[in-house]
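Single-structure report; data block below.
Every chain is named by a letter (A, B, C, D and E) in the order it is written, and numbering of its residues begins at 1.
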Amino acid sequence: MNKQKRKKEVQVSKMAGLTPGSLIHIGEQKTEHIKITVIDYNESQFQEFETKYVDECLKLRNKPTVTWINVDGLHKIEVIEKLGNCFEFHPLLMEDILNTSQRPKFEDFSNYLYLTLKMLDINRKDSSIESEQISIIIGKNFVLTFQEKEGDVFNLIRDRLRHAKGRIRKQGPDYLAYSLLDAIVDNYFAILENIGDRISGIEDEIIDNPPQHTLKTINILKQDLITIRKSIWPLRDTINGIQRSENVLIHKSSALFFRDVYDHTVQVIDTIETYRDIVSGMISIYLTSLSNRMNDVMKVLTIIATIFIPLTFIAGVYGMNFKYMPELDSPLGYPVIVISMGIIAVVMLIFFKK
Amino acid sequence: MNKQKRKKEVQVSKMAGLTPGSLIHIGEQKTEHIKITVIDYNESQFQEFETKYVDECLKLRNKPTVTWINVDGLHKIEVIEKLGNCFEFHPLLMEDILNTSQRPKFEDFSNYLYLTLKMLDINRKDSSIESEQISIIIGKNFVLTFQEKEGDVFNLIRDRLRHAKGRIRKQGPDYLAYSLLDAIVDNYFAILENIGDRISGIEDEIIDNPPQHTLKTINILKQDLITIRKSIWPLRDTINGIQRSENVLIHKSSALFFRDVYDHTVQVIDTIETYRDIVSGMISIYLTSLSNRMNDVMKVLTIIATIFIPLTFIAGVYGMNFKYMPELDSPLGYPVIVISMGIIAVVMLIFFKK
Amino acid sequence: MNKQKRKKEVQVSKMAGLTPGSLIHIGEQKTEHIKITVIDYNESQFQEFETKYVDECLKLRNKPTVTWINVDGLHKIEVIEKLGNCFEFHPLLMEDILNTSQRPKFEDFSNYLYLTLKMLDINRKDSSIESEQISIIIGKNFVLTFQEKEGDVFNLIRDRLRHAKGRIRKQGPDYLAYSLLDAIVDNYFAILENIGDRISGIEDEIIDNPPQHTLKTINILKQDLITIRKSIWPLRDTINGIQRSENVLIHKSSALFFRDVYDHTVQVIDTIETYRDIVSGMISIYLTSLSNRMNDVMKVLTIIATIFIPLTFIAGVYGMNFKYMPELDSPLGYPVIVISMGIIAVVMLIFFKK
Amino acid sequence: MNKQKRKKEVQVSKMAGLTPGSLIHIGEQKTEHIKITVIDYNESQFQEFETKYVDECLKLRNKPTVTWINVDGLHKIEVIEKLGNCFEFHPLLMEDILNTSQRPKFEDFSNYLYLTLKMLDINRKDSSIESEQISIIIGKNFVLTFQEKEGDVFNLIRDRLRHAKGRIRKQGPDYLAYSLLDAIVDNYFAILENIGDRISGIEDEIIDNPPQHTLKTINILKQDLITIRKSIWPLRDTINGIQRSENVLIHKSSALFFRDVYDHTVQVIDTIETYRDIVSGMISIYLTSLSNRMNDVMKVLTIIATIFIPLTFIAGVYGMNFKYMPELDSPLGYPVIVISMGIIAVVMLIFFKK
Amino acid sequence: MNKQKRKKEVQVSKMAGLTPGSLIHIGEQKTEHIKITVIDYNESQFQEFETKYVDECLKLRNKPTVTWINVDGLHKIEVIEKLGNCFEFHPLLMEDILNTSQRPKFEDFSNYLYLTLKMLDINRKDSSIESEQISIIIGKNFVLTFQEKEGDVFNLIRDRLRHAKGRIRKQGPDYLAYSLLDAIVDNYFAILENIGDRISGIEDEIIDNPPQHTLKTINILKQDLITIRKSIWPLRDTINGIQRSENVLIHKSSALFFRDVYDHTVQVIDTIETYRDIVSGMISIYLTSLSNRMNDVMKVLTIIATIFIPLTFIAGVYGMNFKYMPELDSPLGYPVIVISMGIIAVVMLIFFKK
């Protein structure tokens, strides 16, 4: 899993030498079909449909209502390109959407804003952490989102839109974008909850008597934290960038909301750093536990050996076949020696007790 | 304990996908009833009562006296909401009050100021560190404080208000807020005193002959320091934010006082960093102590083994049953061999002394 | 290999005490002949030729077309000097081109811009990382590049120029410089891919049963990362410098492109830091694996020794030659002792199981 | 000693909940009586006396001469309070003087400047590092200094004042304050000299054959460095604050002198960091030395054991009592076996040499 | 050697309590006689002489030619003082020149500029790194340099001056100062070359089979790096200070040259940091090597012991003297037992192979 991630990251090399602006999908294909979902709304109207044709959703472009076009799957370049051309996006922006190894970033193209970040998920099968890139483009009356595959954390937002819950239907595209961002960041907490549980699990077994696979478990945990950190760390600057942006597409009234997401992101980063601290401490505790156990093993060996080696020597002495060994002929010889051995053993044991 | 803390921290996931601004209590319920205490004062008047109904304390809203409303317990959302609506607080602010996993922060809503931080306490039973979130809202003629449960560090402030000690009755809400902040920060020193004592305790036992549970003790100490640090570290920026705030709610004359709290906070953080340094040094000292002890154990084994193994070999040689072994028949054989063994043992011992 | 690099780095000492501005080639000579390649183009025209004489390429100086002069090999100082004089470059700039131990940097000489960075490559033979310095000078209608030896990552750019692919023929020298920079940075990803593969390889063998040479492999990997980091880290500031440069030689429209390269560079640096983290964790995992294995070895020794040493002692006792040992004469003596020994061994084994 | 320091640091908890501005002495009482020393001078006049009554020294307040009032001992609050009231100091300033667990800091109260820092000393008895807080207040025509106990590093300054050496009598209170600061910082070098000697001492014994108490010695050294660092580190910002202060109490001509002290402080901090580096390296060297020694011990054991265990086995074989063992009856049996044993031993030894 | 350095550093304590501005030489006397060398030049004239009398060189003060006065040896305070008075230097500047434990720094005294830094050298005898302080003062038509002892890195500059090589004779004192600075920084590369060689030497022996003295060698190397780093690190800010200085004594045209030295300094610092990284990695590699070797030793012991201990036990059993041991009387007893032992040994060996 981790290896695959590492692979993806550097597949940018495929792109090396290409004309800048030439579109190519970087990353593995995670879904079979491209799926385009369109939601169009204002305070009084609501419309939602799914389509395979880009043209269909373009009719909505010039209506004053807010249009949210969500694209799942990035491998059909011609679809992405058509959308991009229609909205007159900069070629470098199109390239960034297709390159799924981006760092989270925010860019202000004056007519529209571009925001890319990572959506994290826990794989059901092997409980590894999976990361999916999502690109959000905010325009005057539209929001475009591009995801690598179906399935996201936005269902509750769709519900709110459908049933006009909360203020979302009364607000513009910037509020919708905020809601999406908020849902993604809130989901990070679920990931951290999972990490926290795994840490607690290891902590329980690490001090008393860590099994050998613990080292492997800690290592996987550590690498998961590195992955998560890399995905989330740059988000801080990204959201800060949105806040400081003076583009009219972000209304004054939305600033407080973005500020709130910013606070949450900082909190997530704080927690990650704390976990990293704890995990790196775990390795040294594990090492110390090993030393402790080694000490115990060696003590057992030392006690047994230092008690019996001298006694065996004494037995060896009286096993010698010299003709003239006066002790051997004495009827007291045997009991005296056996008792002496007993005394030596007891003295040794008392010595080791201390 | 630590696990519970970690749990709480990430329960924000409960909130994931909710409409921003929809109120929900994040954290465990720490008290059964909500308790509202109201103190209303100016230089000449003083009034204090406890109530269960929000309405009762609202009468005081429009009086020019300073009103301090303290709420213990956050689980009854309707109470908090009613208060919030009456004072016309921003929905995000209400959300922050109820979310007890906040980082310390300061926000200026122009008509009122919002400040949240952590109150630390030592649990009597297992002497673990407990953290409680407190939110302070400063308005033109009121201060609102929200705590997770009853019991706080403000009793001396209440006394001063009751008996008009010091200048507190002559000053406005900003001075009251400062006093509360000061009491919380001063209490951090008591926590550090406790940590300091625990460090001294470990230090005494770590170098000479550390018992095995020491590792566990150090680890708990380390995690407590991580928790405290996480609670206090952001406070520096928070208080700095208050100082630099140009809101008229903070009078010029109070600036020096906030500066003073700032200095104390920096001192607390300094001490925490020093303790972290010491504790992380402890682990390597513990590891070295283990190595030292292992060395001692191995030395005993080596000395005993290297002395007796050769001697036992010699005894074994003369225990062989060969027919023709001239030494065995000589009457001097036995004494010569025994004396030789003695000499070998003495030579070995002298060698090991060096 | 690493040693050679280290050597090169400090050969600047050769230069010590020389007149500043006196030209000397610092670094090893990597090619036999100097090779000068000239590409001259605008939207409609294209011309490409190779030459040995500097004069030939100077004719193009005053034409309004964009001229890209590439020089492979730096050891013939007179050639470099002639070029420099003709373009009226500052002596210190000439010195910098010849000193191949430069840090990546950007300098604005107002009439032309100077940019130097490292091109990384993987040696086919021993798969070590090799670094080559490249200097890029951007003028009003020319780009000069100086490389240490033939072979580079620009072939696709040359192709695009030849066949007028993309927008490159329509743009000025700043776009060409950007394209070169982009090709170099994209190539870094290929290097990282190689490093990532090597990390995965080590990870597989490190936890279970690391062979002794693993330590050597990790160490080489670590030093490669140090080398790469040192080559790329300063590039961030360098490209940032180009972006912020207000020189008219960089057109407004190119800013976005340089921004894109900047993002890629940051991503490269991020990945390097992550790899460094992983590799430094590997050493402690390796050390822990060793301890684990030592523990296993010691356990085998301890079990065998503590079982057989007491048994041997018992056998030794009944090997003594005392005249009066009643057990020896009893017909039950032998079977009783052998059974006792069996019981002791079994008890010991059960004890160790726990 | 270290424990005491740690205790003092957190005694601020005593203060928790007190009215801000209520005076209380934080720290241990280090002297029995308060001692007030007054020096009053200008270029032509000089007067010096000791007194127990505050009033006596107040007469000098309105004279244009420079008055230096030094107070040793902080436990008599009424004395300090009287002084403070007379000079009209801010209550928080008075609180800071009495709280001996302050961080070094500089505060500008516009009519006077407040500066607090630590004076370090080496305890004669157990050569531990002791720290004493000193507060300096600079006014228009006075300097007030508050120390915890008698004995300081200012005797040479007093001498210079008495005998009008140097320029000190011609300058104002800012120059006097500078001289005091300079004396304190210069004294830090003496402390570092002591630390340096202790480091050299440990270095000598650590590599060859470190005794067990070395670990304790390194640990004490490390903690002393932590203490010193904590005392001096904030001084950098403090002195920087004085330099940048635009208060007229600091004359332009004195700026250079404060700059000089600043440079010395930076140098002290540099040296402390270097020492910390060295000391933290020592622990890993100590650990490595232990491993080395363990290796040596184990080698001895292994050589002796692997040589004699096989030989003892052979002797054991020929000690068996089988009726039919042809070797036993051969007259060559014994010499052949003894010679074989010798050959095995020699072969083993040669093997271990390699 | 290192100890001496440490000593020197803190001898500033000698100065403690002295009148600021009173001149005292801090550091060891490294030369017997003070030597003053004067070079006076402009584009057409050149004059060079050596003298013992300060007065002689003062005649040149008012001539418009550039005068370079170099003083070797700082222990004759009256000579330094005379020079200082004549050029009207600030007393603190004179103090700084004499105090050889300065950090590199730059100070602008408006009429002249003061620059102090360290000249490093490798001691021929024990190849330790030696550091010598050099002070450079740049005036309108003079450059003064103060060194601790004879011998420097400026001979090539003197040659260039004598033979009017390069542009040096055509430029002012700022260019001369730059040349000196450049020579010193270039010399750092020679020092790094030496360190690099020593690192390569250790690297070769560390992984395979490190001798015990390696630890000592690494430690000395590490401390040398600490020393060098401390000498060079502040130089970055120092040269930056010169660059940003707006004093007319630094001509615009020289700025580029100082920029060049700055780049070299950054490169030196980069290399030092890389070396520190490598050296600190070495210690953990050394420790791991030790563990590896210990593992090998223990394996030998374990294999020998676990094979022979059971066999010896068996031999012991048949060495018992029981009357009724049926095996002993059987003619097959001996061969069966010997063959069984052989089988056990072979099985054990096969087990250990795995």
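Basically, a contact is a pair of C-beta atoms (placed from the backbone, for glycine too) under 8 Å apart; a residue touches a chain by one contact, two chains touch by 3 or more.
Model, not experiment: these values are computed from the prediction.
Common neighbours of chain B and chain E under the contact definition above: D.
Any chain touching chain C that also touches chain E would appear here, but none does.
Matching CA atoms, the turn from chain C to chain D amounts to 145°, rounded to the nearest 5.
Distance between chain centres (mean CA atoms), chain A to chain E: 43 Å. For the pair chain A and chain C, the distance between C-alpha centroids works out to 26 Å.
Residue positions of chain D touching 2 or more other chains: 287, 291, 294, 298, 301, 305, 309, 312, 316, 319-321, 325. With chains as nodes and touching pairs as edges, the resulting graph is a single ring in which every chain has exactly two contacts.
Starting at chain A and proceeding toward chain C, the closed ring of contacting chains reads A, C, E, D, B. By the touch criterion given at the top, residues 153, 155-157, 160, 165-168, 178-179, 182-183, 186-187, 189-190, 192-193, 196, 199-200, 207, 256-257, 259-260, 263-264, 266-267, 270-271, 274, 277-278, 281, 284-285, 287-289, 291-292, 294-295, 298-299, 301-302, 305-306, 309-310, 312-313, 316-317, 319-325 of chain D touch chain E in their complex. The touching residues of chain A, when paired with chain C in their complex, are 3, 6-7, 9-13, 15-22, 90, 92, 101-103, 105, 107, 212, 215-216, 219, 222-223, 226, 230, 234, 283, 286-287, 290-291, 293-294, 297-298, 300-301, 304-305, 308-309, 311-312, 315-316, 318-321, 325, 327-331, 333-334, 337-338, 341.
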